[in-house]
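One structure, pasted below without further comment.
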Amino acid sequence: MSAFRIGVLVAICAALCAAIVLPAARPAPQAPASLANDPRLIEDLVYANRILYQQDVLDGFGHVSVRSDKDPSHFLMSRSMAPALVTSNDIMEYGSDGEPLDARGRNSYVERYIHAAIYRVRPDVKAIVHSHSPDIIPYSVTGVTLRPVYHVTAFLRLGAPVFDSHDGFGDTDMLIRDNKLGDGLAKVLGNSGVALIRGHGFVAVANSTPIVVYRAIYTQLNARVQGEGMKLGTIKVLTPGEAEKAQAILEATVGRPWELWKTQVGKIQ
Amino acid sequence: MSAFRIGVLVAICAALCAAIVLPAARPAPQAPASLANDPRLIEDLVYANRILYQQDVLDGFGHVSVRSDKDPSHFLMSRSMAPALVTSNDIMEYGSDGEPLDARGRNSYVERYIHAAIYRVRPDVKAIVHSHSPDIIPYSVTGVTLRPVYHVTAFLRLGAPVFDSHDGFGDTDMLIRDNKLGDGLAKVLGNSGVALIRGHGFVAVANSTPIVVYRAIYTQLNARVQGEGMKLGTIKVLTPGEAEKAQAILEATVGRPWELWKTQVGKIQ
Amino acid sequence: MSAFRIGVLVAICAALCAAIVLPAARPAPQAPASLANDPRLIEDLVYANRILYQQDVLDGFGHVSVRSDKDPSHFLMSRSMAPALVTSNDIMEYGSDGEPLDARGRNSYVERYIHAAIYRVRPDVKAIVHSHSPDIIPYSVTGVTLRPVYHVTAFLRLGAPVFDSHDGFGDTDMLIRDNKLGDGLAKVLGNSGVALIRGHGFVAVANSTPIVVYRAIYTQLNARVQGEGMKLGTIKVLTPGEAEKAQAILEATVGRPWELWKTQVGKIQ
Amino acid sequence: MSAFRIGVLVAICAALCAAIVLPAARPAPQAPASLANDPRLIEDLVYANRILYQQDVLDGFGHVSVRSDKDPSHFLMSRSMAPALVTSNDIMEYGSDGEPLDARGRNSYVERYIHAAIYRVRPDVKAIVHSHSPDIIPYSVTGVTLRPVYHVTAFLRLGAPVFDSHDGFGDTDMLIRDNKLGDGLAKVLGNSGVALIRGHGFVAVANSTPIVVYRAIYTQLNARVQGEGMKLGTIKVLTPGEAEKAQAILEATVGRPWELWKTQVGKIQ
């Protein structure tokens, strides 16, 4: 390579350096006081938001939460905003009743009670996703059960139960806007990994953030596959024995897609 | 390559440099003579064009308009061009009859009468979208009504009415190309938020730009969800009570997806 | 803006200039001797290749051609390569028999006889697209006719005829690899704008490049819409009168989507 | 911000500059000790991983292998990681039993036995793809056979056989995790180019990397086309004679899409 070319590259580098150093010479924004003992809990929560948006599970609506590792009766979730834009500065802490502990004027998601209610009755659950996935809706409004049609969705086990707000609550705006509705949903969820919400969406739960993200993404995929399969004929679903074994092995390897999804999101500012 | 050529290229580079450095040093370009009292009305209209294109509701065809805030009998819309490329300089003003007030040689959309006719009879309407969405067409040509299958499309209420140009007008080129056809469409629309146009597309109306964009995007989503649902079985749609309540709450939170969509479009030159 | 910041920008510009000017100081590649009187004929042909690839009508296979404006018994088409990568340097000239006039070692598409045969019997045709579109295949193998279900596909008129190589040619490799097969296809095409090729794809023809690209893209869209519509119920298709009028007006406005598609492709190296 | 911090940033910039300028000035990095005689064998294997990810055939799961050109009883495959991220440094060598020859602490794919078993009984096979494609699953769980519906998938010949781990192995975790299961799959595959794995995915085999990638991509496309076709009516599939001839010609032209797919992936670091 010619000396002239090298000279041009050096000039470009000098300019790049100026562009990098100068903004840093200004004071950095204040880092938030940490809401978690393990900083990766917050980092993974932010990634979960971004991944689920990129994977079309969340759009302008929907949310992700994790149980606090400082106080297990609390949970952490972004303030009310689009998941695509969440950063660590947006994470807030909520009590077991779903109310924010230090709002400082920030709005909370109306449906935080989905998360609060499930954390209250499921000590095994450490992370929750709520999505309005269009692919799921048909299984929430037709009486057709969403069942595991292939091994990667074995966690659906015997099928996803459906919570219908009309049963017990009549005509509502269909949002899970208080603890009573949240309790109703948690009761239908039972010990399952996924429950559908009639004419609304679904909730996925798990004992870690990578696994709950995996379950949310693959629940949506299962809906598409089952729909196509049912148009061809009767689907031979996983047996209970197959589902139990397949779920264990696939969730043991969740690191592989999780790392890929994080790489696809890239660095978060 | 000749020295003259190289000289020309150097001159081009110098011009490029000037073009990059000078704007950073000088005041922002002059805003065009304003067609609105509130500049955000125009800005949101331009964003609406870009958002609807990015969200696959508009392609090379289709258009968005807003009622003028200077003279409510007038409306504002881009000149005839692809929505993906609209800027504030392309916005024109139209009278209640759908004719441009200051064309200056610029072409208008042939179907501006869709907008003119609806603004004439719906004083509550402040923004209108017309789309050729392929997902909608099946519901305009089969007699199957597009109904709200999930809460985010509650604004569809009892279902979207269908205007068929063949009824009353016989064989036409199927465009709403004059006020008579526009009046026919407005009559079928009635007090609804959405009406379908047989073998053509749909129109969505609302009292603000963010809400009309939301309705256009989610009308298209509802079509996909309803189609998939009908292949599974009978859909339990929203009750009238649920639709009324769900529409109110979701449209109160339209700011969240609206800000996300604007962020996805980014800065418009 | 600070003087320092401006200085940094100037440095970046200087580097950019060097990067632009230096390569130009080397001799430019030889421009090809022109195969057309109007250079835009070649330019639009290259754009057609890129647009159809970007719009998912062509993938690694398929091709576009235009009738020569120097000698109307000849036609112009890229050498055998993926349409996504075609540049003006790849365009070759073919005689009425489909054979290249100046191959210079470059391979031709095996199915150039599709183009040759149609140009021979359709003096109105100035441009042809051949695509393997997956969306079209179902209408070529089930006996269900692809009909215009909405106004933008009015050019499908009474429906697209289907050429089946098995009729008259028995077991072949299903490619239109000689003039006999090409004549068979042209005969089935008749005066239509589009014909399907059983278990293979389709061909679209028109009297200009923008219109043939428009027809190819919208034929594919019509397939999707018709499929979804047929799952809902019986489709009320365009009447012959509507189709005739709608086709005329939409093809008069093809400039709008054509300019958008070119903008989406951007500058071609 | 402190002076020390700024100093650190300047040092980082200087390092960045060195990192940008120096590689341009120095010789290319040392290629790893080669696992193959022909370096293009490794290069194509890496491209196959990236292409299949980009073409949505592989996601976080799935894998590609090639038979070694040094020892035909061995095969080469990436260590256990997402195909999207594979580089030449990740390729490992496996013996005929599926065990790694020089693991050096790197994990292997659990399902390497798919590849090992097929290479053992199919001397003609030089490359294998295993995918969890959602589009394929319906044909593995409904008893509907995936058949060639258009010429580009002629390699499906009389249809793809289905291996069901439940036959002969009962309730398993549905992964091909040992040679016994691998042998079962290879037996069902027989002399075919593609076999489906019930509720799991599919495997494609071929005598070269470009052809196996082509088969994997088009098997998935065939699934979509066949599904849509079956919703319209009865599909007229390729006759055995057509399939034999079409397969030969299309695989002779695989270079065209292969070069396009490599171009779409771009340069791999």
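By letter and in written order, the chains are A, B, C and D; residue numbering begins at 1 in each of them.
Everything that follows uses one rule, which is that a residue touches a chain if its C-beta (ideal position, glycine included) is under 8 Å from a C-beta of that chain, and two chains touch if they have at least 3 such contacts.
Values in this document were obtained by computation on a predicted structure and should not be read as measured data.
> Copies subunit A, subunit B: same or different interface, half of numbers shared as the threshold?
Comparing the two copies, subunit A and subunit B contact each other through largely different residue numbers, since under half are shared.
> Which chain has its C-alpha centre farthest away from the C-alpha centre of subunit C?
In terms of C-alpha centroids, the chain at the greatest distance from subunit C is A.
> When the C-alpha atoms of subunit A and subunit B are each averaged to a single point, how far apart are the two points in Å?
31
> Which whole number of Å gives the spacing of the CA centres of subunit B and subunit D?
So the centre of subunit B lies 44 Å away from the centre of subunit D.
> On a C-alpha centroid basis, what's the spacing between subunit B and subunit C, in Å?
Between these chains, centre-to-centre, one finds 30 Å.
> Multi-chain contacts only, two chains or more: what residues does subunit C have there?
Residues 5, 12, 14, 231 of subunit C each touch two or more of the other chains.
> Where on subunit A does subunit D make contact in their complex?
1, 5-6, 9-10, 12-14, 16-17, 20-21, 24-28, 149-152, 154, 221, 224-225, 228-229, 231-239, 241-242, 245-246, 248-249, 253, 256-261, 263-264
> Applying the document's contact rule, which stretches of subunit A touch subunit B when the two form their complex?
59-61, 80-82, 84-85, 110, 132, 134-135, 137-144, 166, 170-175, 198-201, 227, 230-231
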